[in-house]
Amino acid sequence: MGPKKTKAPDLHVTIAGVEFATPIWTASGTAGTGEEIERHTDPSKLGALVTKSVSLEPRPGHPYPRTCETASGMLNCIGLQNKGIDAFIAEELPRLQRMKTRAVVNIVGNSIDDYVELAKRLDGQDGVDLLELNLSCPNVEKGIDQGSDPSWIGECVAGVRTVTKTPLVVKLTPNTNNIAALAVAAEQAGADAISAINTLVGMAVHHWKLSPRLSNVTGGLSGPAIKPVALAAVYKIVRAVEIPVIGIGGIANGLDAAEFLIVGASAVQVGTAIFRSPKAPIDIAQQLSDYLAQMEVESVSNLVGRLEA
Amino acid sequence: MNITHTSRLVSTKAVGPAIYQQRFHQPTVARSAHAGQFVHVLPDGHNLFRRALSVYATDPDKGTFDVLHQVLGEGTRSLSRLEKGAEVDTLGPLGNRFPAPPKGRRAILVGGGLGMAPLRLWAYELAGAMVKRARGNEIDRKRLPLIMLGARTKDLTTKPYKLGKFGIRVQWATDDGSRGYHGTIVMRLREDVEKELLDPERSVVYGCGPEPMMAALAEECESFSIPCYVSLERSMPCGFGVCMGCVVRRRDGSAYETFSRVCRDGPVFNAADIIF
Amino acid sequence: MGPKKTKAPDLHVTIAGVEFATPIWTASGTAGTGEEIERHTDPSKLGALVTKSVSLEPRPGHPYPRTCETASGMLNCIGLQNKGIDAFIAEELPRLQRMKTRAVVNIVGNSIDDYVELAKRLDGQDGVDLLELNLSCPNVEKGIDQGSDPSWIGECVAGVRTVTKTPLVVKLTPNTNNIAALAVAAEQAGADAISAINTLVGMAVHHWKLSPRLSNVTGGLSGPAIKPVALAAVYKIVRAVEIPVIGIGGIANGLDAAEFLIVGASAVQVGTAIFRSPKAPIDIAQQLSDYLAQMEVESVSNLVGRLEA
Amino acid sequence: MNITHTSRLVSTKAVGPAIYQQRFHQPTVARSAHAGQFVHVLPDGHNLFRRALSVYATDPDKGTFDVLHQVLGEGTRSLSRLEKGAEVDTLGPLGNRFPAPPKGRRAILVGGGLGMAPLRLWAYELAGAMVKRARGNEIDRKRLPLIMLGARTKDLTTKPYKLGKFGIRVQWATDDGSRGYHGTIVMRLREDVEKELLDPERSVVYGCGPEPMMAALAEECESFSIPCYVSLERSMPCGFGVCMGCVVRRRDGSAYETFSRVCRDGPVFNAADIIF
């Protein structure tokens, strides 16, 4: 007689018609375009790899210092350093096509035209399972203003919708009084899913030097500190829309991930936690699996939205 | 390649004021790490980020590597207080290596403060290779690497670990003149060149230390046309290239490549390629 | 020869014509109406005591559980439990009048009429040095919606302005895309100072029980986790208005307080840190004094706005 | 009154599975604390909130007080690991006290799990007062407080500290019958009343334990018209009355006074005044 056999919980999820091995994805800007993740881990164990935001033109980003530690969190003002869509398609897409994981390509622009053009270029490209629209970057000039205006979001998503068949995920900002309204605007314009949250606007100061700690003065706050804000955002969004929601913010272990799923997220993205370890998303998927086994939940989709409120 | 390891603390030795040499058992790192590379250490559960520490010494046979660090903040403090046998989560070895000296040039290793750490391993590797090449014959001591170290004052000078067996010389400079040359180590370098104690055409400089010192060193080397490689320090959230936090400005940068990542494209750069 | 004499730095600040012994005040809802602070510390060492929000009618607040710990922060959904303005004037004001500290009375309402009525009742009352308008409570129904609408803020402040001569501090919410615009609206309507920030909307989940950790599901996030958000808010507000700004959010020691002053706050309020110790604001004032001495800054007002950005 | 103190750890004794009795030196608390009151302890720098622990024993002469706690989470764990001599930031004593038994009524102390802590001090104080009043004469042992404790199983039962000298009896009930009565301690209380081993008219009940148990106890006492005081537990951000976090619903509440603060108006309440 061997040890009691228990079937491992089923971690598969389907979002916008696409199946993912696990609901634990990387978050944009925290796993590059996959090169390092591939070098140091087994990418086939990831739910999906979400690439760093790519823009039409290459961007240099902001000078050093670009990050700083805060209480249970960090600030960043990377400033969207990226090689631009042409180099992305030429140099990065081939790897994403080869990699044994789902790829979500995240795009960022200054205007609706930019988003439309980016989506056009990527439409029909192999290896792009979903397109994530970063409408929420605190480190670009009008990132927050546009991204907190429901009608701008509606227009932008509608514009992109006409030029691509790839399912669209719209990534929202928490720097707003009504994130649910933003989600509704995106849904009505044809988004297939919502992801939330991007970073909160924050700042840190050198008290001895009397200077900001970031070259760009303010930056985006991420990490465990913002988990409560992210959970509340997901809670509000899932009550306002029908499309799936992908939770992001401060997820550092499998129980954190479970909390987002319980509130109603269909999948989650792990950002800052990757900086502690390239294996973080894979470890988190395993912890989630252990949690499901303890809870005697057979499939992760049975956990989604189970909040008793 | 798996870079995630558990390292076990073998010993902690106080080698200066709040300066510790710590030895960890981790055979993969011990065997694969080279001078210039670093390990990224998670001090304990409460720090969000890891702390980067250069590899100071390795013993591939015993499977250990050493780091040398100064207690600055919470991270290095909790590291210094670890008990023998404690297990520490480390990533590494990370980053590139010091490039070999161009033919016919002697390695001049210029360090400030804890910048000595990677230079010491570099000297050890260079001298070890010379001994190996000599196959039992006497080595040409004038081609041994020369180590030039600067510090504020004598109390802060720490002798590099186990270089005596090769007969590698260490020259000092202190701001207050309490040990060696009175002034900065970069000033000493300049004087040595001017006094023709050091031949710019037959030297290559490797530097590691505070950024202003590296900038001065690079400028001095440029004026003498000495090739100069510097190892840079940055706050490093990830250490393996994904966060884009640890950047340095490049001289030849395209729009996108204005900035290079110190953790991945460095920490060692040709000083001619970067802007301080 | 004795030890070198060094004069202690001068901590006095003047806001809206009122002088305060130190720039370290308590934050509303975290020091009651002074009874406990008076019992356990020396209130004369406080810059000011800001009282818990008082409303027209008594309010019971939300059921237990009302708080929970989060990474470097806490959530609360107290729900503004308070005895109402009549009992406040009868039972609490006398103590505030007697106490040897400045008193800032914080009021909250459901509508502009409520705020006007509350201000009327308090106008001319002894012991009210400033009036703080809580236009930003995440735990009342329309708290965030109204409080993130500049025109509503303008109307509310203008209304209150007509019925009282007491200087007005307007407390703003960070749950917005543009806190500076809210501050400008308040200033134009006659506010004498701005205080920021109130709490961020957040949520926490029991992963074993599948239930929210707060009775009211969502609550307000405070503590060190939100300090970066608060610093960025103050940074933006001081650039938008002329009136003094009072910084609030995650201040736990003298260096935190200094950072807010450097960014441009004229004073700060300490909230969550008081829960660790009734003496927190007094300890923080001492630490700030030590910091000023080390920096060789003679008067705290010389630190205000010294940010080199 | 200053309630901010530094308490020095004198000793840690394991008295059950993950259950510790810890003694602290703090003369003010030792002299002024009474049964029902608690101290609010800051386990270490990383916890935002303090942890509330009932005063379990005091020695005013030696200036020490004891707590009894079970390791549940990070706070109690780090407390249990403190080294002898460690200094801990404590607020207290906080909260109200158990009220004296109404004339002619014997104190029945009903506890579950760690709820035993304040009851033990209460028994000690009551018995001590009886001895004092007796001025050297024999005390009437039938009027000594009776302690009734419940636990899941025998392994989790911990003998209350030093009550033997008064001859105070402890009756047990365990869910699995492994010690004492087979069932809950509230069931045992009911049976004792029904069997007339316990006279409701000459008893007053003091309870401390998990909330569902306190609710059951209150209901039972009400049905027998036994006065019942319960000590409640809440998550307590401040412990001294300013945060309004630790509330319990009142039976007689006005609009504002629907909720009372457990830290300030309690932790001991007349069960008739509150709604579970």
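Per-chain numbering from 1; labels A, B, C and D assigned in written order.
Just so we're on the same page, contacts are C-beta pairs under 8 Å (C-beta built on N, C-alpha and C of every residue); 3 or more make two chains touch, one makes a residue touch a chain.
In this text the structure is predicted, and so the values were computed from the model without any measurement.
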Grouping of chains that still touch (sans chain A): B | C, D
Contact-graph separation of chain A and chain C, given in steps at minimum: 1
Separation of mean Cα positions, chain B and chain A [Å, integer]: 37
Euclidean distance of C-alpha centroids - chain B vs chain C, Å: 49
Contacts with 2+ other chains: residues of chain C: 72-73, 223-224
Touching two or more other chains - residues of chain D: none
Chain contact topology (line, ring, star, complete or other): line
Each pair of chains that touches, named by its two labels: A-B, A-C, C-D
Touch list for chain C against partner chain D, complex: 29-32, 35-37, 39-40, 52, 57-61, 63-69, 72-74, 76, 78, 81-84, 87, 223-224, 272, 274-279
Chain D residues within the chain C interface of the complex: 1-4, 42, 47-50, 89, 91, 234-235, 237-238, 240-249, 253-259, 264
In the complex with chain A, residue positions of chain C that touch it: 70-73, 75, 144-145, 147-148, 173, 175-178, 200-205, 207-212, 217-218, 221, 223-229, 231-232, 235, 250, 255, 258-259, 262-263, 291, 295, 306-309
